[in-house]
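Below you'll find the structures, each written out as structure tokens.
Two complexes follow with subunit A in common, the first pairing it with subunit B and the second with subunit C.
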Partner chain A sequence: MSRQSDSRSFPVSLGSIARRPEAGSLVGLVIVYTFFAILGGAVFIGAPGWSSWLNIAAEVGIVALPVGLLMIAGELDISVGSVIPASSMTAAIVSGHYELPAVVGIVAALGVGLLVGFVNGYLVVRTRIPSLIVTIGTMFAVMGLTLGFAVLISGSTSVFLVPDPVTKTVLGAFIGGMFNVSMFWWAGFAVAIFYLLHVSPIGNWIFAVGGDRESAHNAGIPVKWLTVSLYMLSGFAAAFVGVLQLMTYQSAQVAAGQSFIFNSIMCVVIGGVLLTGGAGSVIGIVIGTMTFAIVNQGIFFSGLDPNVGSLIIGALLLGAVLSNDTFRKLALNYATKKS
Partner chain B sequence: MNKFSRIAATVSTVAIAACVATSVMAADIFVIGGKPDDPFWSRVKKGAEDAGVVAEAQGGSVTWLGPQNYDNLGPDAAELIRQAIDQGADAIVGPDWVPEAMDPAFEAVVAAGIPLVIYNAGGIEAADRLGAMNYVGAVDYKSGYAGGEYLGSAGHKNGACVNTLPGAANIEAFCNGFNDGIKAAGGTGSVLQLPATAFGDATAVAQAVRAHLLQNPDIDAMFAIGDGDTNATVSGISQAGKAGKVHVCGMNFNDSILNNIQQGTQDCAIDQQGYQQGFFAVSILNNFVNYGVTIPTREILTGPGVIDASNVDLVIEGVKAGAR
Partner chain C sequence: MSDKTPVLEMRSVDKSFGPIDVLHEISLRVHPGEVLCLLGDNGAGKSTLIKTLSGVHKPTRGEILMDGEPVVFESPRDAQGRGIATVHQFGGTYPLMSIGRNFFVGAEPTKGWGPFKVFDRKTANETAVKAVREFGITRIEDGDRLVGGLSGGERQSLAIARAVHFGARVLILDEPTAALGVKQAAHVLRIVNEAKKRGLAVIFITHQVMHAMTVGDHFAVLIRGAVAADFRKGEKTREEITDLMAGGETMADLEAQIEGYMETHEGHVPQAN
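Moving on, here comes the complex of A and B:
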């Protein structure tokens, strides 16, 4: 679906750019950046400003990418909000409380993410319950288990871990004192998921499942396997962010992570992914994440009331959905005219 | 004096003697508090038990009553207060967490003539309202004030309080206290108000702090309202390239914060000193029941206690002993 522009007419015309699914998101990004660049001035345009919003974008972005894949496949994942604290708490308890090597804690934390993802996927394909409800259910279950085990094992709702230098460098350091290494992990995730969605055949399966689940199944696509895998990927990514946060801030708290639920969905939608599934792109999700992060951080550079930031994000979200429809119609009109 | 009245006199003398004897010999003090495995409350409990050593030497006892969990805090705690009355307490210590649910039970304590001390929550207002002897605890406003005063007196005159939970009364009290404290030391204070979506997200807090500092280069002092937020604030300051230039105090502490104070990346932590709450509440009641002595000072403040480089080593020893 998104690969139609591969072969002919490579000279990039303005018209072909406008018909790319990311076009609307890109316009939004440019407008938002310009707006805050004017208000925020030199500090926002310089390295401190860039690192400020990139640090935010990286963590939301790592979660938003697989959540975006799920949304393209027509599913939602709310449970990321509790997988993040569950993972950082697991790593903190294993490596901080029991003082096992950091690797063991990280593997355990990522395992928790994969497990929650598997349960989500299994419940979604086995029952006919909408994924929104399934993952709200697992979110609360995981939240309760995290709180319960944290208090039972460590006697506290926050556990601390001082990572060894290697772990700290790889997962929680600030380059130049300001750029968090998480943004390289984000870039890595983006490349891997770009390959998955836009190059490998699995990408077409994801679009097909999101477009029409029944037909995809009839066409021989392993829909159930694919759904479970996508949920496990999303659980894994959320758990990875949990580990990054733990290594950066050296503490795990049972309440952290709820903000990621809506933030990741917003990034994906601002990035042009169709809420009903079947359309979207990795570049769009990345652009959406950047836009979201720029508003989020730009607000502190602009001197505006922080609550105005939430207002702008809300307006952007609505604007994105409206403009996606417009651009989609544009693309469809063009296609019909041509044939 | 006839035979009957002689017997009556003897009996009453014995009865009075017995009463006096029991009250001198034993002050059975019941302490209502949090779960014993809660890190904060385990320190309060240790304080109560340490004061209880004296009570036991005098033949008395200290009994800790804590809820199984905090799901139904007010009614559960009210139930514990009534249990203490039923078990024949000579004196009761309790926090006024949820006045609506707990005040009737406290009123029953006072009505039964049992000496009562309110501690940890409720303030002197609750003690006055309920007819309790005293209040032992910290006051949120004064904790913030201590942070502002500490940083202001150290020469850091432009402060900002990081409010990650706008609207919560105790957090507003911390920030108002901080601003008043730094003003009293000749500085100015402001509040960095974060959107509600940032709560609990260390990255969001750190980046907000950092952006705020870059945009307001004059700020040289910050106050955070909890230990997690303090860690995030310290990170935001160093990312802004302002480590050593912007000074931080925060509420509460944990191992990593004590470490930061030792390293010098954090200036001070404000502690409400739970150990003192348990210790003094029990001592006041034990001495009153045994000897009738009172503490005329109303509102015994156990906090704010300031932890900085000068006493951090002692605090670490206290942590090892379970008292801090």
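Moving on, here comes the complex of A and C:
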């Protein structure tokens, strides 16, 4: 027993670091940043470099967090790719085309996100069709509806909105002309979702549902309620990014957002979340998002061929999955006591 | 003892999955301080029966009574809330979660107030480690260890320890000793006896006659979804029970078949395939 208390007094032992799900991702982040810092030089290490990758990271990061929760719970959400433009378009039509106050447009846009999330969750728990298929379906449905309504109401596939100063400051300003306020929102989402997954008891339910859905149900976890709620959270976050984009770029495009589908999944997987569910961490997802954004923007600063960038991202993804597997095995075999 | 009101009672319960009828006209009672052993061949419907008692399935027909009052378990959570704790035959543990988190899935200890409830990791770990150590699994000292690193029997012990911890009135164990070593199996039997002394009702499923005879007060044998025999301790011999557990065929016949096979096949036992 005395050994047990020994190990407690060294909280940062090698074992306890290796046991953390984000261990592999952190190594990846350091390697990637060093690589591009060398190639990209002073500009990349300075404010222009940081702002460019942080701006990218913030937008995809807000989506990646709830997508990561879903993946830990054993589900996927492809529909985020069309919820983003649907939300921008809704807010732009309500507040730009019809000239209602910005807050009305924002509430309507977030409502669209929650609704799509609810439909996703409902279909997944009701039919038990794999969520990949369900959310591909809702993605196309939402994309079609967005295009249809945009053309029907505004007669165009892009709608403009000039936000009032307060809205612009809160949701679409660039601090120092470089850093988009979205990164504070990303930080806010990260803290809230960290609390949900790692501090509140709900986090235990999410891991259990992803680990063994049937046992979780037998253990009394409201699996259906939880699944629907997580989909609504992801719809909400995607809609929020749609609003941020609209307030930043002051126009809504029907076709924006497809890149978020793969990018969000990539951030989550690079961040050490198990594709099949049951394991992952919010710190890991944040690290994965930063890694992804650094590669994405580092290519530009280092003057490498963009095709090389895609190659690096692909290799990174494979490397991340392999190293995460290794670290997970370490964690499983890890015991505080050797004897 | 049978003059007391049963804690749980099934009255003419049927359960079908679409066109498949699994349980027919099941009527059973289990009293406080009594162990009901549920016996039967593979596929007889034992797991299905206990799933209807733990809120996983709803009966197609018939009713369930608790303390003499008709009840409908809306969900496993509902049944748990009424003090019924179940260890199901499969699953029940989550390999990539810690021992402490596993132990409290669905019933997490919290500290803090209002919406800012915090998962109490320290309490969870301490309680879980204490509970499994009492099971004789003294190798476990750290509640943060992932369950996937434990052996099958250790995981099973964790699941049983959990049910014992939460089972306030009824403890249901579906083949709890199947994966266990001699020492741990003996411990499960001891736990069952302790639970019984504390006045819990226990429903115990097993394929091992020895285990059943050691703890059972009351036996029910299921054959193809119906109660084929329902008797109390001492009313049947070990041989009779064994025959019933084999689904009605006599063990002597089965043994004769195997011997006959071995004679014609130069001493080899029949291959399972």
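One rule holds in what follows: the second predicted complex is superposed on the first by the 323 of 339 C-alpha atoms of A that agree within 3 Å, B and C clash if a C-alpha of one lies under 4 Å from a C-alpha of the other, contacts with A are read in each partner's own complex, and residues count from 1 in each chain.
FYI, a residue touches a chain if its C-beta (ideal position, glycine included) is under 8 Å from a C-beta of that chain, and two chains touch if they have at least 3 such contacts.
Remember, it's a predicted structure, so these values are computed and weren't measured experimentally.
Asker: Subunit A superposed: clash or fit between subunit B and subunit C?
Answerer: Once both complexes are aligned on subunit A, subunit B and subunit C fit side by side.
Asker: Under the stated touch criterion, name the partner, subunit B or subunit C, that contacts more residues in subunit A.
Answerer: On the superposition, B touches more of the residues of subunit A.
Asker: Which partner does A:282 contact after superposing on A: first (subunit B), second (subunit C), both, neither?
Answerer: The answer is neither, since A:282 touches no partner chain.
Asker: Please compute the subunit B to subunit A to subunit C angle from C-alpha centroids in the superposed arrangement, rounded to the nearest 10 degrees.
Answerer: Given the fit on chain A C-alpha atoms, the answer is 140 degrees.
Asker: Using the superposition on chain A described above, determine whether A:80 touches subunit B (first), subunit C (second), both, or neither.
Answerer: The answer is neither, since A:80 touches no partner chain.
Asker: Check whether A:268 is in contact with subunit B, with subunit C, with both or with neither, and answer first, second, both or neither.
Answerer: After superposition on chain A, A:268 lies in contact with neither partner.
Asker: For A:312, is the partner it touches subunit B (first), subunit C (second), both, or none of the two (neither)?
Answerer: In the superposed model, A:312 contacts neither subunit B nor subunit C.
Asker: What is the contact status of A:29 with respect to subunit B (first) and subunit C (second): first, second, both, or neither?
Answerer: Neither subunit B nor subunit C is touched by A:29.
Asker: Just checking: does A:233 make contact with subunit B only, subunit C only, both, or neither of them? Give me first, second, both or neither.
Answerer: In the superposition, A:233 contacts neither subunit B nor subunit C.
Asker: Taking the superposition as given, tell me the minimum C-alpha spacing from subunit B to subunit C, whole angstrom.
Answerer: It comes out at 34 Å between the closest C-alpha atoms.
Asker: Quick one: in the complex, what on subunit A touches subunit B?
Answerer: Against subunit B, the touching part of subunit A is residues 40, 43, 48-49, 51-53, 55-56, 59, 151, 155-156, 158, 160, 162, 174, 177-178, 180, 245, 248-251, 253, 255-260, 262-263, 296-297, 300-301, 303, 305-307, 309-310.
Asker: In the complex of these two chains, what residues of subunit C are touching subunit A?
Answerer: Per the stated touch rule, the residues are 54, 56, 75-77, 80-81, 86, 88, 91-97, 101, 104-108, 110, 117-119, 141-142, 144-146, 148-149.
Asker: Using the touch rule from the top, collect the residues of subunit B that touch subunit A in their complex.
Answerer: 37-39, 42, 193-204, 206-208, 210-212, 214-215, 227-228, 231-232, 235, 238-241, 254-256, 259
Asker: Which residues of subunit A touch subunit C in the complex?
Answerer: 1, 3-4, 7, 19, 199-201, 203-205, 207-208, 211-212, 214-222, 274, 278-279, 328, 331-337
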